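Below is one structure, written out as structure tokens; the observations come after it.
Read from first to last, the chains carry the letters A, B and C; within each, the first residue is number 1.
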Amino acid sequence: MGEALGLAVGLVLSGDADLLEIVLLSLRVSLTATAIACLVGLPVGALVAIGRFRGRNAVLILMNALMGLPPVVVGLLVYLHLSRSGPLGFLGLLYTPTAMIIAQAILITPIVAALSRQVLEDLHIEYAEQFRSLCLTRWQTVQALLWDARYSLLTVGLAGFGRAVAEVGAVIIVGGNIDHLTRVMTTAIALETSKGDLALALALGIILLVIALGVNAAVQAVRMTAARQAYV
Amino acid sequence: MKTALSAHATALLPLTVRDLVLRVDKATVLDGVNLDLGGRGCTMIMGANGAGKSLLLKLLHGLMPSTSGRISWGEHAPSEVTARQALVFQKPVLLRRSVAANIDFVLKARGKDMTRRDALLEHVGLSHKAGQPARLLSGGEAQRLALARALATDPEVLLLDEPTASLDPASVLAIESIVSEACSRGVRIIFVTHDIGQARRIADDVVFLHRGRVAEHTAAATFFPEPHSDAARNYLSGKIVV
Amino acid sequence: MLKRSIMASVAVLLLGGNAWAQDQSIIVQSTTSTANSGLFDYMLPIFQKETGIQVNVVAVGTGQAIKNAENCDGDVLLVHAKAAEEKFVAAGFGTKRTDLMYNDFVIVGPAADPAGVGGMQDVQGALAQIAEAGALFASRGDDSGTHKKEMALWADTGVDPLAASGTWYRETGSGMGATLNTGIGMGAYVLTDRATWISFENKQDFVIQVQGDEDLFNQYGVIPVNPAKCPAVKVDAAQTFADWLVSAEGQEVIAGFKIADQQLFFPNAPQN
């Protein structure tokens, strides 16, 4: 453990170009996947939050169950579609960062949708009567809820990002862990572990943890500013 | 500020309520309300706690269905004309945004002239708070903002549900003057209150609810000196009425 | 406004920096043993400098590498399971299989050597002795080239280890490195290729116990994927890479790859 910590500090201080490349790709893939998951998951969460329709309970159960999608299964499904012999093979996306983004986006969209549904439903209970009095359309209601819950939804996005940046099962299948192309933090850790270089693997893990801490701290700072203005 | 009274082809008033019954979880809250309100003025609805005042207001606004009976705004059912009315709640529900953004939101959502925001804030005395978070306003300021938001929709009828409960006297007067001004411009006011002094100050007529029915509906000039019903008499004299 | 800029940046991130777009890059489906040992890291920069072709290596077990190539998700296959490779070519997925190089398998085990096989050369004898003693043995169990080799050796021995699966015979279902980590963790014998073992960094008290048998010979082959089955294959670049590997120069590069002064792979492509 001490050896790994020293190695981690050494790696960071040396400004290792390969490490930087891997870290930046991790961030690029997982942040983009989070953005896509939010673009899709937040409106879905909002519509389910304010909706009263038949089968709503079934939708809720499905959304919550999909939060537990195993990354390997998502990776396999995406692989089967993007494989050159698959239906979307002509796009030539397998073993690219785009494929990894797609897989992670699919993995975390249910998380964003299910968690945002909870946040937005709580807020809607407070706003519903006022909004009905103002005769807002469904879409206006969705927009208002999303905007007013924006700081709580940051935490939801963070949960999605955390899951994306930490998973290895999906990206290793659709990305292939190709050096200088699709190698990210988690696949690099898996590789070093398989090489038996446990200290380096752990050092990379420590760096990943520090990155996650940094992202969380940044979001927390934004939330605290918002809380002071009673916007949370 | 212009009013939109003439913009609609059919008038909302007179309001006719016939045999209105509302049961909530088997408890009868309204038990055959009959009421006729004419075209102008400020009607106060009074009565003891639990008399069904707030729920009557929501029924009139079209926010919930009645168990039986009929409400007609001119020729319309309440739910058809919700947009031509505005309701100010006892506890204002403000968006988690700035004071100005709360007004902007309603103007935009209802397709109104966005440039009216500053005039609306000025009208309720909140210009100096425009950029501040709405949810950090004092109780009186928050209710004034809720009133400005209601007026932004150019309502023909303004419904108020104890808007000044638990506010300080200065805030109460500020809100009363905004309401009176709207009334003088021709906005029909229906105002639920517990505050007898407030009713004296601004009521043109008073509807007194007792045990789910209209105990009396009298002009203010008559109601306060000589209420007809025992229930109202007891209420005005400070007796506890159950 | 905000929404539009989010959309724009998503589009840029999705589409930008897509290395696949370069035509001069190929995908090689290969095995963990070649990748983990560092052979590719040593060899590919030399090849790329000469030809300008970027080689992207997907390192998985031989079984999965062949499957991926059959799905047309690779331009060249470089694995070590001769029978499966020949089947791959016979089915039309590959154009031609060429012997490329070999290394050998060894059986590693704890220094305490509970089955007493240390120093043995006869691999079948050693395996029989391990089975007899009921000493722990960790198998890849993942249909990889190494796993196929191990199963063939057990068959020669006349022992059916699967009957003991879960007792002394432990199938990890994982790659070589993961299986070594597991085996070392539980003190089990492991069949591994020498290249992976030499470069493996978590040996602890494990040493090579059995080596030198001709039956432990580990032949690698290289096969370009057939464009008749997979039209998207980058035929020219793939052929250039395969040709270079078996050329005198490529073979020399393979022979020159050393870790701790030990040569890991021995080129044996037919030269004419």
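In the analysis below, a residue touches a chain if its C-beta (ideal position, glycine included) is under 8 Å from a C-beta of that chain, and two chains touch if they have at least 3 such contacts.
Quick caveat: nothing in here was measured; it's all calculated off a predicted structure.
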{"item": "Centroid comparison with chain B (C-alpha atoms), farthest chain", "value": "C"}
{"item": "Best-connected chain pair, where connection means C-beta pairs in contact", "value": "A-C"}
{"item": "Chain centre separation in whole Å, for chain B relative to chain A (CA means)", "value": "47"}
{"item": "Chain B and chain C, separation of their C-alpha mean positions in angstrom", "value": "79"}
{"item": "Between chain A and chain C, centroid-to-centroid distance (C-alpha), Å", "value": "33"}
{"item": "Touch list for chain A against partner chain C, complex", "value": "28, 31-32, 35-36, 39, 83-86, 89-90, 92-98, 101, 176-179, 181, 191, 193-198"}
{"item": "Touching residues (chain side chain C, partner chain A) in the complex", "value": "6-7, 9-10, 13-15, 17-20, 27, 32, 36, 41, 56-59, 68, 70-73, 175-178, 180-181, 199-203, 230, 232"}
{"item": "Contact footprint of chain B on chain A as seen in their complex", "value": "126-127, 129-130, 132-137, 140, 144, 147-149, 229-232"}
{"item": "For the chain B and chain A complex, residues of the former touching the latter", "value": "61, 63, 82-83, 86-87, 89, 93, 95-97, 105-106, 109-110, 133, 135-136, 153"}
